[in-house]
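The following pair of complexes shares a single chain, subunit A, combined with subunit B in the former and subunit C in the latter.
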Partner chain A sequence: MATSCTQKHLIRWIQLLLKCTIFLSLTAAAVSSRLFSVIRFESIIHEFDPWFNFRATKYLVNNGFYKFLNWFDDRTWYPLGRVTGGTLYPGLMATSAAVWHGLRKIGLPIDIRNVCVLFAPAFSGVTAWATYHLTSEIKDSGAGLLAAAFIAIAPGYISRSVAGSYDNEAIAITLLMVTFMFWIKAMKTGSIMHSTFAALFYFYMVSAWGGYVFITNLIPLHVFILILMGRYSTRLYSAYSTWYAIGTLASMQIPFVGFLPIRSNDHMAALGVFGLMQVVALGSYVKSQVSWQKFQTVMVVSLVFLLALGISALFALTYFGFIAPWTGRFYSLWDTNYAKIHIPIIASVSEHQPTAWPAFFFDTQFLIWLFPAGVFLLFLDLKDEHVFVIAYSVLCSYFAGVMVRLMLTLTPIICVCAAVAISKLFDVYADFSYFFSSSSAEKPNLSKRDRIMTLVTKLTVCGSFLAYLVLFVHHCTWVTSNAYSSPSVVLPSRNPDGSPALIDDFREAYYWLRMNTAEDAKVASWWDYGYQIGGMADRTTLVDNNTWNNTHIAIVGKAMSSPQEKAYDILKAHDVDYVLVIFGGLIGFSGDDINKFLWMVRISEGIWPDEIKERDYFTPSGEYRMDAQASQTMKDSLLYKLSYHRFPTLFNGVEGIDRLRGQNIRQVDIGNLDYFEEVFTSENWIVRLYKLKELDAMGRDLHTKGEFDRGSSRGIKKRVAKKPLLDVRV
Partner chain B sequence: MRVVGVFRNVVRTLFMAIAVMPILTLVEAKPAFGSRTLVIYDQRLTELDSYSTFFNSLKERSHELTYRALGNDSTPISLFRGEDRLYDNLIVYPVRSRHFNKQLSVENLLDFFSSGGQVLTVTSPEGLSDNIRSFLNQLGIYPSPRNYYVNDYYHGDENNTLYLTKGKSLNDYVVSPGDYNLVYKGAAALLDNRQLIIPVLQAPKTSFTLDSKQSNEEWTIGSEGYLAAAFQSLHNTRLAWVGSEVFLSDEFSASNGRFAEELTKWTFGEKAVLKSVGFTHHHASGASYLESPYKVKDSIVYEIGFSEWNGSSWGPFTSDDVQFELRMIDPYYRITLLPSETSSDAQYYTTGNFSLPDHHGIFTFLVDYKRAGLSFITEKDVRAIRHLANDEYPRSWDITNSWVYLTSIYSVITVWVLFVVLYLSLRKPKTVETGKKNN
Partner chain C sequence: MVPKTTPKKADVASSASKFSDTISASYKAYCKQVSGDRQLQLIDTFCAFLVAVGVIQFLFVCAAKDSFPLNAFLAGFSACVGQFVLLVSLRMQVVNSFMGISPQRAFGEFVLASLVLHFLCLHFVN
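Up next, the complex of A and B:
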């Protein structure tokens, strides 16, 4: 007896040790595969949004939380400014500032940039841990370990959490999984403590990412489905009521969210289900008091009545403006063409485009075909928590198909379902105990041939799945290192001899801006570069990636699509000193401004349909061209002139070859730049900076001045004095 | 800090100005921006002796005159040494010399003018060189070409001489108001519409400008022609054009002298020159922007000081049309400034207390004083006006409307607590009935 007890203890200890080792190695794998970007490039903040988060974090660290909360940023959205403290999700910055302060307290003063760069990898370990617990609740700890391993290296999640990708999603996915984990626990046990934890982590999630609305709708949906399935219980009642009350009150403490939870349509489902929950609770109490027949009539009548009342109240409140209508982003989830027609600003973001099918395989490899299998296996069981996973899977599969970006929220549930499928598979096929068990009682009567065939089958299945797993690891590593580790601030490229090279034009240009322009200089550029200019060049921008004011963006779009004299007036009215354009025609960088130009035109056409017309920018046959056939409006537009200014001089001075579009650009089409002067062009011509010329002191318009200067430098002088044609002097 | 610094400097100069004042008043009139004056004339057209009154008047105003005669040589005239201007003022008499275009190019003239040199151009139907013509054309002044004379059968004679009795200046700052009896013989100019041109003397309604040698289209008809025009660039450099050489000559100095003197005084910055001695803005309480950045609806004071050059020293400039603007693309406020203090060399203006708009953003504190004939003054300061911080709104109990909500919240809490206490303490144990209910 004593020996078996110690044996059990020993096994438990070994299990614990194994688990710890597995978790440690999982975390190591998760972190190290995310470090490709640092090793390949350097410890640098990536892309666009992370630059803002980084800048905000620095502000928080330097000025403290109170000032951060009330931060009025006068260096963006000039001259409107941005109430930054009230329009951001502070969770990410607050967390990294806390980490920074904590490390300092224990004597590890680390540069805040390094904290930010390594933030996402560090949290991916926590995600793996939360996924383990979630999946353990769904199936068992074996499936949990598999799910944790999958999420640790799945490219779909790595795409937003490599080192340097300091974005809200980096922490949000972790919080998403933790919240769901606590919710499942709370829902299963009815424990108020667990649902309070779920609410607290929901609050954390609200403070970190706008995608919290997903939780706000998924949990009520889960509850709603359970109620419809007749699985109402007091456990569900206490879990949901606690979560909703605490979570909603807490989420309203975030300034950016404010009263949205009770005023916006996106949150109405949660409120409705909360109401329904009370009604159902009352119903079940009544049910326990009265007979079944009476209860049925009462239920039907009251349900119809309540439903009608609720829906009509929702419509009425929305109509009278008490509840904010659905946001554009929400509509574009259901109708993929909605944004393109009504809100070009949303459609213009590449990550809001529908997902291409190969992306699913690319991001999750063999998990994608195990995913439906896992969902099916859960259907077979269909416990309360399985309903949750199924609802999550169905919703997110749709969303991920609509928007590339939402691939991110789908990945965790793919991992969970695939882990369920594989672990079920291994439960059946990796069970070799039968061959080792000594007691003959367990051995059914089987022929030797059957036994060997069983063994072969089991070995084949296990072997092939092990091979798949190995392939999966290879695929993940390859995708991570090749596709998701580029900072997009520095571009990888190859020299003519094949050796790797870096294109560092962006930093070169931003550094030039930082060192050579006045500290209060205002830089106009398309909004994509706003955060980078703010973060790297520390100059005031007109518009940035926080696209809160469509009209202001349209102003910049209008300037870019107008002829230079008109653009000059628009920019001058906004005190602009410099204009920054991205031009990829020399080295074939495809993300340049000319490729984004139609969005500028569309967005400004939305505001000024009389002045800007998209059709004018195409050739008569409807092509988007830059060469001799381009329309006159296109050739006159500021962006065309700024992009191609002096470009043919790199070739023969008459015609230049745009390598990105494969078209010949003629000097005669580019013409002269009278209102702007080139001040900087980066090594590969990706970033071009222009300064607005000063108004002519003599009161001439700058075109006349330019014509005069060119005329006199060519030595042409008018000998004959002709009577000028002048407007009547008034 | 910058604004404060400027203001401190202003105060310092103010004290110095007071200290130096007695010495200054002894010194005679002089231009505000320098008195090195170059006179270019064509030997074949112009006898300097017949302009002695004009030159003496300049000398009395402490101009250091350098004469440069143009003959048959073609050595270039240098207005610059390196980047430095050699002269502050330039007077160009009518020139016929063929070499003049090369000696002094239009670009040189434009450079000189835009780098702050003041120019007086005198042209005549005999002498209008191409460089001067194109230079003037660039400024929007189109003098009639060679051999075109302005004539008038009512006010002139057959020699194309005009006698303008009661000639009036069109701009009081350039030439002070009054009736002038003027004698004029020469060209008339067309002026374009730009606001930097200040017409000074208009041709009579009955005048016309015609080629004296062949019949051509008239250059000007009636009052569309101008006999003298002034120009002030955005950088406050000044130019005047007169289309008649004899207008300045000794022969007519008795009638034209005062007009000519006023015109040259204006051109060479001896009058109507303004400057700002600095501006400041701060909270009505006296705290500066640095101590406490502005937020919406704060009470603010804006002050600015203006000086005017009276020919010998800077004195206060008094006017009732100075306006202050608070702009964010569009003006949110436009306040006419009220004179506050006057010192010996500046007049200070103030907005008085005004409250900032209830709109956060980055605002420009702007005084843009541009009046034809006076120096332009633009003072700009870009400042952020922030929103209310989270703890700067009134608390809920300060708002009487919220009392009803507060009452309901606290009554619910109290009643709930009471309920719990009563429920827990008054609950009686009861036996639970088992068995099916069948009511």
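Up next, the complex of A and C:
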């Protein structure tokens, strides 16, 4: 007896040790595969939104939390400004500031930039831990470990959490998984404490990402389905009521969310289910006291009555304006064409586009075909918590199909389901204990042939799945290193001899802005670059990636698509000093302003349909061209002129070759730039900066002045530009 | 027309009687459950008190026709609602404790959740 007891203890210790080792190595794998970008490039903040988060974090660290919440930012959205403190989700910044302070306290003063850069990889370890616990609740700890391993390296999650990708999603997925983990625990046990933790992490999630609405609707949906399935229990009541009461109250503490939880339709489902829960609780109490037949009538009558009352109240409240109707982003989830027609600004964001099918395989590899198998297996023994996973899978599969960025929320559940499928498979096929059992009593009477065949089958299945797992690791590493580790601020490229090189035009230009312009200079650019200009160049911008004011963006769009004299007036009226355009025609950089031009036209057409017409920017045959066939409106537009100004001089002075679009650009079409003056063009011509010319001292309009100057300066040698040798390799 | 309406009337009458039957039966069962159990009596009195306070707040807002410091009203109201559901959850566990959670632990959890709730309310009420 004593020996078996110590043996059990020993086994438990070994299990614990193994688990710890596995977790440590998982975290190491998760963190190290996210460090490609730091090793290839440097410790730098990526892309667009992270630059704002970084800037906000710096503000928080320098000014303290109180000032941060009251932050009015007058350096963006000039001249409106932005109530930044009240319009952001502070969770991310608060967490990294806390980390920064904590590290300082223990004597590790680290640059805030490094905290921000390494933030996402650090949290991926926590995500793996939460996924482990979630999956353990759903199946067992074996499946949990597999799920944790999958989520640690699945490219679908890495895409938003590589080092330097300092975005809200980096922390939000972690919080999503932790919240769900606590919810499943609470739902299973009915424990008020777990439920409170679920609510607190829900609060954290609300403070970190707008996607919290997903939780707000998924948990009530889960509860609702359970009630419909007749699985109401007092545990469910206790878990959900506690979560909703505390979670909702907590979510209203975030300034940006405010009273939305009781005002907007997005949150009404949760409230409705909360009400329903109370009714069901009462009903089930009554039901336990009287006969079923009596109860049936009572139930049907009161249900119909309540339903009618609830729905009519919802409509009435929405109608009278007490509850805000569904938001545009919500509609665009159901009707994929909605955004294109009504809100071009949402449709113009590339991550709001529908997902291409190969992306699913690219992001999750063999997990994507195990995913349905896992869901099916969960259907087989449909426990309460399985219903949750199924609801999550179905909803998120749809959402991920509609919007590329929601692939991120689908990935965790793919990992969980695939882990369930694989671990079920291994439960059956990796069970070799039967061959080692010594007692002959347990052995059924099988012929030797059968036994060998069983062994072969088991080995084949296990072997092939192990091979798949190895392939998966290779795929993940490959995808991470090739597709998701580019900061997009610095572009990888090659020298003519094939050696790697970096294209650093963005930072070159932003640094130029920082060092050579007045501190209060206003820079107009398309909104994509607003955050970067604010973060790297520290100059005032007209519009940025926050996109809260469509009209303001349309103004910039209108300026870009108008002829230069008109654009000059618009920009002057907004106090603009510099105009920044991104031009990829020389080097073949595809994300340039001309490729985004149609969105500028569309957005401004939405506000000024009389002045800007999308059709005018196409050739008569409906093509989008920049060469001789381009329409006159296109050739006159400011963006065309700013992009191609001086471009042909790189070639023969008459005609330049736009490598991105493969078209010949003629000097005749570009014409002269009278109202703007080129002040800076980066090495590979990706960023071009123009200054608005001062009004003429003699009172002539700038075009006349330009004509005059050109007449008087004939024969003076122009600056010779040299073509760079680099190529983009993206 | 007459033969059509009579069964409906009878139906209504019978369902009304069913209603009253059900309610009286549940009420009786409730009285039986509560009598002699001080814990449940205490919890239920507290629940009734919370409902009363919540209703008073709501009526006040209706009477004043203005919910100006909406956060204050919401904090007060949701303190009542939140405490109410917490109490009901506790009551369920007192009557029939959940698997793996002893009544003592349930009470501890209840206290923890109430503290969190009231901290949030205090923060919200300004």
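Definition applied: the second predicted complex is superposed on the first by the 713 of 730 C-alpha atoms of A that agree within 3 Å, B and C clash if a C-alpha of one lies under 4 Å from a C-alpha of the other, contacts with A are read in each partner's own complex, and residues count from 1 in each chain.
Convention: a residue touches a chain if its C-beta (ideal position, glycine included) is under 8 Å from a C-beta of that chain, and two chains touch if they have at least 3 such contacts.
Since we're looking at a predicted model, the values are computed, not measured.
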Contacts of A:192 with subunit B and subunit C, given as first, second, both or neither: second
Partner chain(s) touched by A:314 [first = subunit B, second = subunit C, both, neither]: neither
Subunit B versus subunit C as contact partner of A:373, first or second or both or neither: neither
Which superposed partner A:289 touches (first subunit B, second subunit C, both, neither): both
Subunit B versus subunit C as contact partner of A:521, first or second or both or neither: neither
Touching partner for A:237 - first (subunit B), second (subunit C), both, neither: second
Touching partner for A:80 - first (subunit B), second (subunit C), both, neither: first
Which of subunit B and subunit C A:697 touches, first, second, both or neither: first
Doubly contacted residues of subunit A, that is, touched by subunit B and again by subunit C: 289-290
Interfacial residue positions of subunit C with respect to subunit A in the complex: 14-15, 18-19, 21-23, 25-26, 29, 70-71, 74-75, 78, 81-82, 85-86, 88-90, 92-93, 96, 98-101, 106, 108-110, 112-113, 116-117, 120-121, 123-124
Complex contacts: residues of subunit B adjacent to subunit A: 101, 105-107, 110, 113-114, 130, 133-134, 137-140, 142, 145-146, 190-197, 199, 217, 219, 224, 233-235, 237, 328-329, 360-364, 382, 384, 386-387, 389-390, 437-439
Contacting residues of subunit A [partner subunit B, same complex]: 69-70, 72, 74, 78-81, 83, 86, 255, 289-291, 520, 573-575, 695-700, 708, 712, 717-719, 721, 723-724, 726-730
Subunit C partner contacts - residues on subunit A that touch it in the complex: 189-193, 195-196, 199-200, 234-235, 237-238, 241-242, 244-246, 248-250, 252-253, 259, 262, 278, 281, 285-286, 288-290, 294-295, 297-298, 301
